[in-house]
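Dropping the structures in below, format is structure tokens.
Heads up, the next two complexes both have chain A, just with different partners, chain B and then chain C.
Right, the complex of A and B next:
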């Protein structure tokens, strides 16, 4: 474990060196994500300029849930963005062989290789949203609120990362699966809004099948109301853990099925 | 006449190649599409909640029925007019392989255009009918009568062709600009979100403050998806349609001229570097 932490420091340091060379690239990526988020917020602003509340949700509450949804998304984006490349390029081009020859865990190596600083655009939006909405909401605050927030963020991130690992691992069998990852990943936007606006089928889907509701809505409502901690937070922890174990299993099975595509 | 014939004989192979490419990757395309259309469904639920909460039948002049048509036809128009064929131009300028294109006896942008048309033929045949049929069935169930108007539909198709051509030449220009930016992912993201917003794909332009909406209605971006969608919905009178299409043709000419201008200066630039 210590060895991996040390390795990760080296990987990130290496990445930051590369980054310093391409400062403009980094800025453009981050600005792009910032603008993309900003446009969505203008949309929300226009809606709320005409109605007082969305199915009983106040503007600030919606912003809080939206901001909360960006926490796991940003962390996942920052650290595990390279997984996309597994499905899009690495396996199809036979580049995966490289990872097999190294004396470290393949999954860890793939993830650690890239550190996606573009995510700072999302991070900034996330901080702004939370900083704007929290003071306007009467959030019950206890000594354990912040530790709980941190813990739940980690498990919510695991939900994202695990789904990405699983869909990327499909390419061990099919050579390319970037589009499957994309398809699943797009459903995460359902989690940005209060799930009560969806019909029962969609609610069930994003709660029990692809549990994106646990990445934002459920934990965020716990922090907003202090109610139902067992379901809201426990659900996130369970979903994160189960999906992660499943992801590791699928990845390892995939490794066994892997045949190099390179020549 | 023979020139027209030769023109098509030269470029139809590109269309065929584009079609074959699309057929080869159709599973990927479908997955991609399902992911993309998810966003429209999320918007559907958000708007439904808005209409439920506002307590009135209309929201800034739109009914829920209009909103559904707007969302899905905008998705369709946005998808059909999306053009990235010319994007590789930028890359080819950087690595010099553009030289190979320049010595061929065909126009480089026509190659892209016809290849992309091949792509579109396949993708249109896969999504156009399901989406239009879906929207019309929804309207029929909601309103209890057939709302489909063939004349507006034909005008919509015509407007969509203009929109596609504007988008094509706009992206040719962008492809040349990509030469200056290295992070294609970042700049493309910026371009796409800004274009999306300015073209009314995120919020209908009618919902924006009047001054801003008026300006955006004149910009080329409204011609990309807002104009065809409004025509489809029957929001414009015939005289307004004529005027909007005139505007589309105007922007098409501007984009065409601009792409030629940039192309010429890019060629000159190339010849300075080459040797």
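Right, the complex of A and C next:
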């Protein structure tokens, strides 16, 4: 375990060095990102000011849920972005060979190799939304609220990451699966809004099948109301754990099916 | 004691989906795929004792890389198994790869954007090489592979020859017991080739590292390998020492005589003297030197020399070894039956 943490530090340091090397690229990326996030904030402002109350949800509550949804998404984005490459390129081109010839866990190795500083843009939006909405809401606050928030964020992140691991691992059989990951990611937008605004089918889908509702709506409503902790938080913990175990299983089966590439 | 590398009935099949051309074909492949099974490696068994350098040869598409990938734990065999250094790669991957080094000449294993020096320090952590040992090792590798001039450059800026040396050094950093080299000399000039060969020889002699290498350059084989395994269409077609290959298939010899007087050449009539056909003997003159190639099954080297010496004045005589390249070319063309 300690060894993996140490390795992670080294990978991050190397990543930052690489980043510095491509200064122009980095600057352009950062500027582009700020513009994109700014646009998104303006867009949200327009939508929410047009519909001040959404099916009984207050404007600030909707913002809180949206902001909350960005916490796991940002963490996942920051640390596990390389999984996209697994589905798009690494397996199809046979570049996965090198991970299999090194004495560390393959999943850890691919994930640790890259970071995505782009995620800091999302983080900024996330902080702005939470900082704006929390003071206007009467959120019940206890000594355990913050630790609970941190724990639940980890499991919510695990939901994102596990789904990404599973869909990327499909390419061990099909050679490419980036588009599947992409399709799945489109549905995560559903999780950013109160699920009660959707019809029953969509609600069931994002609660029990692809449990994005547990990455934001359910835990966020617990923090808003203090009600139903067992379902709202327990559901997130269970969904995160089950999906992660499943993801590891699929990944390991995938390794056996890996066919490399001709040359 | 068991061999360092032990492979038994290794087999690898790939499923290939045959696509018909065009969009219609693509759609058809999606719903009713037309599958074909390609047998890349077809029941291959062999052993390599510790400390040996084994050459793996065969024409393009023979299945060499596929065998290497199974031995290194990248691919899971369809059937059969291999045990290397007492471990089955697919079962105990993390512990197994700690003691092997792998180089694929066609593709780098290094991080594209990292400076080479940084690459090694990351690998040091991955393989948990102690600081002291790491320093010693780097000095050693620097010396044998001459990395100094480009060690601060990012991998993406290296030339092919530099990159290959960098890759080999990376595979040797953790002092592996077994080294797998898939085409380590592909596309390199003679100087770099020689540098790499001497590095392989040195590692093998000084550390007793077992080496398997594939190549299309038969000089690699002649200079490095005691033994070769030849495969063709996924099957093993020859397994033995170089001398054995020569002995079994190499019945053509070449003699070169340096004549005192070039025009004396016309006095030599090997065909009539030994009652041979054109297939069995050929003699060519180039200035004052005469090259004779003949089948040792029809006439012995001794008879050949004594006839020549008694017929003309000879200044110098040169007996050439059987050229391994000739034999292998014949084998590839299936002219020699096994």
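FYI, the second predicted complex is superposed on the first by the 237 of 263 C-alpha atoms of A that agree within 3 Å, B and C clash if a C-alpha of one lies under 4 Å from a C-alpha of the other, contacts with A are read in each partner's own complex, and residues count from 1 in each chain.
Keep in mind that, in the parts below, a contact is a pair of C-beta atoms (placed from the backbone, for glycine too) under 8 Å apart; a residue touches a chain by one contact, two chains touch by 3 or more.
These figures come from a predicted structure and were not determined experimentally.
Once chain A of one complex is fitted onto chain A of the other, the partner contacts of A:98 are limited to chain C, with no touch recorded for chain B. When both complexes are overlaid on chain A, the residue A:36 reaches chain B alone and has no touch with chain C. Ranked by how many residues of chain A each touches, chain B and chain C are led by B. After overlaying the two complexes on the shared chain, residue contacts for A:256 are found with chain C alone; chain B is out of touch.
Judged by the touch definition given at the top, the superposed model places A:6 against chain C, while chain B stays out of reach. Contact with chain C, but none with chain B, is seen for A:14 once the two complexes are overlaid on the shared chain. Applying the stated contact rule after C-alpha superposition, one finds that A:179 touches chain B and leaves chain C untouched.
Residue overlap on chain A between its contacts with chain B in one complex and with chain C in the other: absent. Of all residues in chain C, those touching chain A in their complex are 14, 65, 69, 72-76, 90, 93-95, 97-98, 100, 102, 104, 106-107, 109, 111, 113-114, 118, 121-122, 125-128, 154.
Within the complex, the chain B residues that touch chain A are 27-29, 31-32, 34-36, 38-39, 41-42, 45-46, 48-50, 52-54, 59-60, 181-183, 185-190, 193-194, 196-197, 202-203, 207-208.
Those residues of chain A lying in contact with chain B across their complex are 22, 24-33, 35-36, 39-40, 42-43, 46-47, 50-56, 118, 176, 178-180, 182-187, 189-190, 192-193, 197-199, 202. Per the touch definition, chain A reaches chain C in the complex via residues 3, 6-7, 10-11, 14, 17-18, 21, 94-95, 97-98, 100-105, 113, 256-260, 263.
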